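What follows is a set of structures to go through.
Note that chain A is present in both complexes that follow, paired respectively with chain B and with chain C.
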Partner chain A sequence: MSSLLRGEEMCLAQLFLQSGSAYDCISELGELGLVEFRDLNPNVNSFQRKHVNEIKKCEEMERILGYLLREIKKADISLPESDMNPVSPSPKHIMTIMEQLQRLEVELGEVTRNKEKLQKNLLELTEYTHMLRITRNFVQRSAEREPLQVQYEEFPFLEKDTRMDYSSMQRLGAKLGFISGLIQRAKIEAFERMLWRVCKGYTILSYAEVEEYLEDPDTGEPTKSVVFLISYWGDQIGQKVKKICDCYHCHLYPYPSNNDERNDVVEGLRTRIQDLHTVLHRTEDYLRQVLIKASESVYTWVVQVKKMKAIYYILNLCSFDVTNKCLIAEVWCPVNDIPKLRRALEDGSRKSGATVPSFVNRIPTTDTPPTLIRTNKFTSGFQNIVDAYGVGSYREVNPAPFTIITFPFLFAVMFGDLGHGIIMSLFALWMVRYENNRKLKNTRNEIWNTFFEGRYIILMMGLFSIYTGLIYNDCFSKSLNIFGSGWNVTAMFTAKVWTTEVLKGNNFLTLDPDVTGVFKGPYPFGIDPIWNLASNRLTFLNSYKMKMSVILGIIHMSFGVILSTYNHRYFRKRYNLYLVFLPELLFLLCLFGYLVFMIFYKWLAFTAKDSKLAPSILIHFINMFLMQGDAKQPPEQGKAMEPLYPGQTGLQIFLVVIAVLSVPVLLLGKPVYLRWLQNGGQNRLGMYRGYERVRRNSDEELCLLRSEDMEEGNSHSDPSSSGEHLSKEFNFADEFLHQAIHTIEYCLGCVSNTASYLRLWALSLAHAQLSEVLWAMVMRVGLRMDTALGVVFLVPVFGLFAVLTVSILLVMEGLSAFLHALRLHWVEFQNKFYSGTGVKFCPFSFSLLPSSFEHDGLL
Partner chain B sequence: MADQRFAIAMSVMTLFWGIVGGVVPWFIPKGPNRGVIVTMLVLTAVCCYLFWLIAILAQLNPLFGPSLSTDIIWYLNLAWD
Partner chain C sequence: MPSLLFCGPKMAACGMVISIWGVIMLAMLGIFFSANSAVLIEDVPFTEDDIRADTQPPQRIYALYRQVGINCFIAAAVYVAVGAISLCQVRLNKRQEYMVT
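Up next is the complex of A and B:
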C-alpha cells in the first residue's frame, strides 16, 4: 500500500556495461522494464551519435516490412494470431534478417510487375474480342435490312455481297477506311459531336455499349466502355479522325477486311485469352504463396526490428568511460528493484559470453527523481485521472487510493437514480466480464477505448449510484415505498382539520406535521415516498440537498487539509504542522465547521411546533461575521434573530476571533520561523556552519558521507530537507511572497470552494428534473391510452423512452456529473495538499513501445 | 411506535456500517492490496453512513408538510392507513 499512498523510493544508478555484452544487457533490461535511462549525450546531434548507421538499417528494414504488410493486407491474408514474444536478435542475426527482407522485396516487386503486365495484355485482348463481336452486329444489322432495299440494275452484285467491306467499296471507287475501337462511355457523346464538327458528314459513326464492366488499367475501377466503328472517305479525313481518337484516349484495334479474317482473328484471340488466363492464375497463385510464406514470419520480424531499434537508441544515450572499453549508462531505478537489476545484468553478460560481468552502482544525486506508482488493473484507472491533473511530486501523498471511493461517491450524489445506476452497473459489469476479449481490448475507436479503460471507474460509479438512488428514493423519477411512508393523511381527517367541504373547496392542501398523528416518524431509509406526490417537493428537497452539499464539501475539504499532515511529517518539516496545518484547520473548522454544526443543530432541535420560530442559518452565519445578534430585537423582526441556543453569541465571537487570529499566523509564521532558524538559532546552525566549510573543500567526501547514509537507510533522498539546513541563500522575500499567496488563496478558497460544492445539489436537481420530464412527456403519454391500440402504441413510445434515457440521462448527464466530480477533486480537494509537479517514471520496456504498424492498422 | 422505528433504523444502519468500516478490515488477508482494500472499506462506510444519516436527520423534525392535490388526498385516505 505504501507504494500507492506515496510512490516508490527511487535512486540514480550507474551501469557499467562491457562493450561486448552491452547489447544483450540492454535487451534484458528492455524485457523487464525496470529502469529509465538518462541521456548522457544531450549535446550531440542525433545524426552524430555512435549507432546512427544501425538505426538507419533498422529503418530500412521497417520500410520493407511496411511494404510487405501492405501487400499482405491487400491480398487479404490474415496474419497468424500469436502472443509470442520473440527476443531481439543478436547482431549476427541482423544481417540474415536484412538479407531475407531484401530478397523478399525484390521478388515481390518482380512478381507484382509481371502480374500487372499480364493483366494489361488480358484487358487489350478482351477489348479486341468485344469490338469484333459488336462490330459484326453492326454489319449484320445492315445485312438484315438488305432484302428490303430496292435492287438497282447498276449494282447487281449487291445482292450477293451485301456487307459493307473493302471490296465492295473499292469497286465503288471510293477510298473507304474503317477505324474501330473502344472509348469510355462518358466520352462518347462529346466524341460524336467533335467528329461531326470536324469531318462533317464524311464519316459515319456507329457505336454500341459493351454489356460487361471492363477494368480501367489506370484507375483499376470497373468502367463501362462503348465500341465504335467509324467509316470514312479520304485519307485526310482519316488523319483527322485518328487525331481525334488520340485526343479522347480511345483504344484502337485493326478492323478485319472480311468475314473469314474476322473469324480467324476471333479464334486466335480466344486461344490467346485462355492462355493468358491460365498464366495469370498461376502468377496470382505464386504471389499468394510468397505472401503466405512471408506472413508466417513477418510478425516476428516486426517485433525483432522494433526491439533492435530501441536497443540501439538506448545505446546512443550511453557514454564511454575514460578507458573507452566500458559503456556507462545512468538510470533511474526503484530502490526495491536493485537486486532484480543486478540479476538482469548478470543474465545479459552470461548470454553474450562475456568474461567480465557488468555491474550497477548507486550514486547520490540532488536531482528530483521521477515518480513511480505501481498500480494494478483496478487502481490504474483512478491513478490516471489523478495524473491527468498532474503527476505527483516525488514521494508526496497520492490522492488516488482515496479517489477510488470519493470520486464515485460524489458522482453518485449528482447522479443518484436507482434505475440509471443499475443500467450503468450492468454495462460496466459486461465490460469487466469480457475484459480479456481481444476484440474489445484492441479496437482503434478512441471513444470506446476511453470507456473501456475506465470500466472499473464506471462500475464503482454505477454501484454508488444505486445506493444514492435508493436514498434519494428516485427510480426513473418514481419513488419506491418499501417501508411505509411516515406521513398519514387520515389523521388530518380524524383531527377534523380537513373535511369533505374543505376538500371540495381547494385544489391543493398541505399536511401539517403539528397535528397529532400526521407525521409518524422519518422514513427509515432515504427520502419519504410521499414527497414524490407533493407539489412542494422541490422546496423540501432543495433545502435538504443544499445542506447536504455543504456538509459533504466541508468534510471533504477538511480531509484534504488533514492529508497534508502526511506530507509535513514525511518531509520532516514539523514546523509546518504548527505554522501551516493548524491555522488552516482552525480557520476552516471555526467558520465552516461551525456552519455544519448549526445545520445539524437546527435539524435536531427545532420541531414542527417551533416552525414559526425556526431561524435561518444563513442569516445567523452572516451575523456571526458582523458580530451582531444578542441585541434585543423587536418582535416583528422576529424569528430570524432569536438565538439558536443559549450562549450562542459568546461562542460565535470566540470562534471568529480564533479564525481571524489564525490568518496572520498562517501568513507570517513560516517565513519568520525559517528566518529565525537561519539567523537566530546559533547553536543549531553552528555545527552546520562548520560542516559547510568542510564541504567547500571536498565535495566528494560529502557525497560519500551521503551515500553511506543512504546505504544505511538513514536519510531520505529528499533534497529539500537537507538542503534547507545547509542553504546559504534563504530568500526571506521569496518565502514570504509564496506564503502570502498561499494564505490568500486558502482563505478566499475556503469560502468559494464551499460554495462550489453546491454543484452537488445543482446537478442532482437537474438530473431529477430531466428524468421527471422524460417520464411525463414520453412514457406517460404511452401509458395513458387505455384502448387495445394503446398496447401497440406503447412499443414505439417505450423505444423512444429508452433511447432518450440512454443518450440524454446516461451519456450526457453521466459525462456532466463525471466532469463536475472530477473538478471537485482536482480543485477543491487537491489544492489543500497536493502539488502535482512531478515527472512520471517511464521505464524502458519493449511492451510499452508504440508500433507504427499497429497505428496504421496493418497489424 | 414512530420512535421505535427510528431507533431500529438508526441502530441497524450504525451497526452495519460500523461492522463494514471497523470490523471487516481486520479480516482482510495480508497481501500487496491490503492497504487499498482497507482504505476502500473505511471510506465506503464513512461516506455511505454519513449520506444516510443526513437524509434521516433532515426528515426527523419536518417544519412543513407535503402539499398534495385533493385527488391524491382522497386516494391516500382510502389506500394508506
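Up next is the complex of A and C:
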C-alpha cells in the first residue's frame, strides 16, 4: 500500500443503478466521497439534460435562501453555529421544503412592503407637521409687524391681522390662493427665480428652512428642506405655479384656511403620527420574529439544497441502458475501495426500499486514470507544494515523501539562524497546538489561511533552521561559545610572535595556526565562535558555504536521477535503465561527482602547514576539460599546477572520455533500440506479448469482461506494456527528436543546475549580513548608551529590534528562502525524474463542494 | 470608573509576545554581559583611552561590561511590567468579548 510513494491504483467501474434507488445510492456515495463520476453525455447541452427541471427548482430555492440570508444579515440576527450534517432530502421532502420557502418569501415580501409604505406615510406626515408649524410663523410674523409699514394696495393681507385676512381679500374681490409645501434646500433659489420670471410678481413666496434633517419619503435619505408658502392671485397663475412646483419635485400639502382649521389639522396629525409609530413598531417586531424563526432552519435548508442539486447534477451525467430501466454511471474508483463502494450501493438500495439491488462492475480501459495520493494532515502540505508544480502522472514516483525532509533542510541551509529558527518554530507550534480552534480554521483572510495550511511545513522549517543555526553558530548574528573555542591567543605571546609593541603598532593581526598551541583542534559542533570576531570571517565562510552548496546540489541531483530508476522498473521499460539512466548517471558523476571528490580530497589532504601549496580546485577542474594537466608551467604558477594526487592526469582523462562517450549513448541509444525492436524483433515481440497476456490474467481476475478481450488481445488497463505495444504507431523521428531534446536539456542542465545550487550560499550570506546590520544599527545603539538615559532608551530600541526582526528577517527572508528552496525542488530536482502531467482525482463528495453563500460572506 | 481597556485584542497579544521575548532575550544578554563574553565586545561603549590608560587591564572594560549588563537587566524588568499590563489588557478584552456575545 505504498500510496504516498506512488499513488493509488485506480480502476474504471460501471455502476448499474435501479431507477428507484439511483437518488439514494448517489446520496450515499456523496457522503462517503469515494469515486469520481465521468460524464457519459458530453454532447448534450445543459438545458437538454434529463433532470434540468429539478435543477431549476433547486436554483429557485437557492435564490429564495439567498434572499432570506440577506434579510437575516440586514436584521443583524446571528445564525446558530452548528456542526451538524443533514442528509440530502428525499423527493417527497423536497416539495415540503419548497413550499415552506415560498411561503416564507411571500410573507417576508408582504411585510417588508407594508413596512415601507408605513414609513413613507410617516415621513410625509412629519413633513406636513413641520410645514404647518413653520407657516404659522410666517403668518404670525407678518401679524407682529408694525402697521407703520408701507401699505401695498394689492396685498393688504401682509400687515393685517390674520383674522382680517380673508375678509379684506373678499372685499377686494380677488381670488387668492395658497400653495404650501416643502422643497429641497438646494433648489430653493432657482425655484424663486423661476417663479418671479414666470409669474411676474403676481406671486409672493415666503420660505424658511427646517432646522432638522428630515428623511425624504422617496429616497429615505436625510435632506435639508425648506418650507415655502406661495400666495398667488388668479387662477391661471395658480396653474403655472402648480406646474412649476411639479417641475421642482416639491411635496405639496393642503394649506389650512384659518387658525382653527390649522389647529385641528395639527392635532389630527399628531395622533396619526403616534398611531403610525406604534404600528411600525409592531410590524418591525413581527418581521424580526419571522426572520428569527427562519434563521433556525435556514442552515439545514442550505445544506440540503446544496446536496440535492449536486445529486441531480450527477444524475445528469449518467445514461440509461437499453432496457431504459436502470441508470449506468461510469466512475473512477481506487481498487482498494471497491468493497466500500459495493457496501454503499447496498445501503442506498436498502434505504430506498428497492427490490433489485444496484451493483458495480469493473471494466478495462486504455484511458489514463486520475492520480490519487492519500495524505494526512502532516503530509498534505508537502503534497500540495509538489502538486502546485504539476500533479504526478498515474503511478509514477511521487517526490512528496522525500520533500518532507529535503525541502525544510534546503530552506534551513539558506536561513540558518538559531534565534530566528526558535521564533519560527514557536509560531508554528502555536498554530499546531490550536489547529482545532474554530476561529483559526474558519477565517476568511487568504494570507492567514495560506500560513495556517502550511503550519507543519513551517514547523519543520523552524526545527531544521535551529539545527543549521547551531552549525553556522549564528544566533541573532552573534555566535555562542558552548564548548570553548579551538583557537588560543595566549600561545602567540608564549611563542614570542606577538609582543606589546606588535599590539600597539598594528590595527589587524593574524592568528597563525602553524604556531604551536594556537589551534587546539576543531570545534566539536559547528563553526568556531572566534570567527565572529575575525575580520576575514566572510572569506572563510564564503569558501565553506560555496563548496557545501555544490556538494549538496550534486547529492540532490544524483538522488533525483536514481529515483528515475523506480519509474523505469515499475513501468517495465528495462531498456531505459541501460540506455537512459546509466549514461545520465555516468555523465553527472564523472564530471561533477569528481568535483565533489576533489573538494573532499583537498579538505582532507592539506593541513595548515602546507596550505600555501594547496592548489585551486577550480583551475584544475577547468584544465580537466582542456586536457592540460601535463603542460610545463613557469615556476610562479607552479603551485597552482601541482597535481592534487599522483595519477591525477590519467584519471581525469579517463573520466572525461567516459562522460563524453555517454552523451551519444544517451542521444541515440533509446530510439535505435526501439526501432530495432519494432522492425527486427517481430517474433520475439509476439512471444513477449503472449507472456504478458498470461501474466495479466493472473493479476486481474476481478474483471468480468476480461474474457472477450482475451480473444481480441488488444485492450490493456495496465500501462506497463504501452511502450512495446504494436497498436501504438512507433514514429522514429518523433522518438529521436524527443530524445535529442532530453539529452541536450540534461547535459546543459547539469552544468547550469549545479551553478544554480550556489543560491544556497548566496541566500545564507544575505541572511547573515542582514542580521548583522540589524544588530549593529539598532541594538548596538541602545546598548552603547552609557548615560543614565541608557536604560530608558534600551526598552523601545529592543521593541524596534523585535519588530524589524520579525518583519524583515523572518517574513521577508523566510518567504525568499522558501521560494528559492521550492524552485530548487521544482526545477533542479524534479526535472531529473518527474513528468507531472497527471490529473488529480476529485471525488464526488458533499464536503468538498463549495457553497456560494459562504463565498458571499452570508453564512 | 472609565474603562481600563485601551488597546484591542491583537495589539494586546502583540504586546504579550514582545514582552515575553524581551524578558528572555534581555535577561540572557544581561547574563552574557556579566560573564564578559568576548563576542559582545563591539556592544560595550569603550574608548581607546580605556584600553591604553588602564592601570589594571582589563578592569575598566570589565566595569563597562557590568554596567551594560545591569542596563539589560533593568530593561528586562521594565518588560516584565509591560508584559503584566498586556496580560491585563488581554484578560479585559476576553471579558468584554464574552459579555457582548
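One rule holds for everything that comes next: the second predicted complex is superposed on the first by the 662 of 859 C-alpha atoms of A that agree within 3 Å, B and C clash if a C-alpha of one lies under 4 Å from a C-alpha of the other, contacts with A are read in each partner's own complex, and residues count from 1 in each chain.
Here is the rule we go by: contacts are C-beta pairs under 8 Å (C-beta built on N, C-alpha and C of every residue); 3 or more make two chains touch, one makes a residue touch a chain.
The model shown is predicted, which means the values in this text are computed figures rather than measured ones.
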>> I'd like to know which partner A:533 touches here: chain B for first, chain C for second, both or neither.
In response: both
> A:43 contacts which: chain B (first), chain C (second), both, neither?
Replying inline: neither
>> Contact-wise, after the overlay, does A:516 reach chain B, chain C, both or neither (first, second, both, neither)?
In response: neither
>> Which partner chains sit in contact with A:795 here, chain B, chain C, both or neither? Use first/second/both/neither.
In response: second
>> One more residue to check, A:604. First (chain B), second (chain C), both or neither?
In response: first
> Does the superposition put A:324 against chain B (first), chain C (second), both, or neither?
Replying inline: neither
>> If we overlay the two complexes on their shared chain A, which of chain B and chain C does A:785 touch? Say first, second, both or neither.
In response: second
> More residues of chain A are touched by which partner: chain B or chain C?
Replying inline: B
>> Just checking: does A:271 make contact with chain B only, chain C only, both, or neither of them? Give me first, second, both or neither.
In response: neither
>> Just to be sure I read the superposition right, which of the two partners does A:486 touch: chain B = first, chain C = second, or both, or neither?
In response: first
> On chain A, what residues does chain B touch that chain C touches as well?
Replying inline: 533
> Which part of chain A faces chain B closely enough to touch in the complex?
Replying inline: 1-2, 4-5, 376, 379, 401-402, 404-406, 409, 413, 467-468, 471, 483, 485-490, 493, 498, 503-504, 506-513, 518-528, 530-531, 533-537, 539-540, 543-544, 547-548, 551-552, 555, 600, 603-608, 611, 614
>> Residue numbers of chain A touching chain C in their complex, please.
In response: 423, 476, 478-479, 481, 529, 532-533, 776, 779-780, 783-786, 790-791, 794-795, 798-799, 802-803
>> Quick check: in the complex, which residue numbers of chain C touch chain A?
In response: 18, 21-22, 25-26, 29, 37-45, 64, 67-68, 71-72, 74-75, 78-79, 82
>> Please output the residues of chain B touching chain A within their complex, sorted ascending.
In response: 1-3, 5-6, 8-9, 13, 32-36, 38-40, 43-44, 47-48, 50-52, 54-70, 72-74, 76-77, 80-81
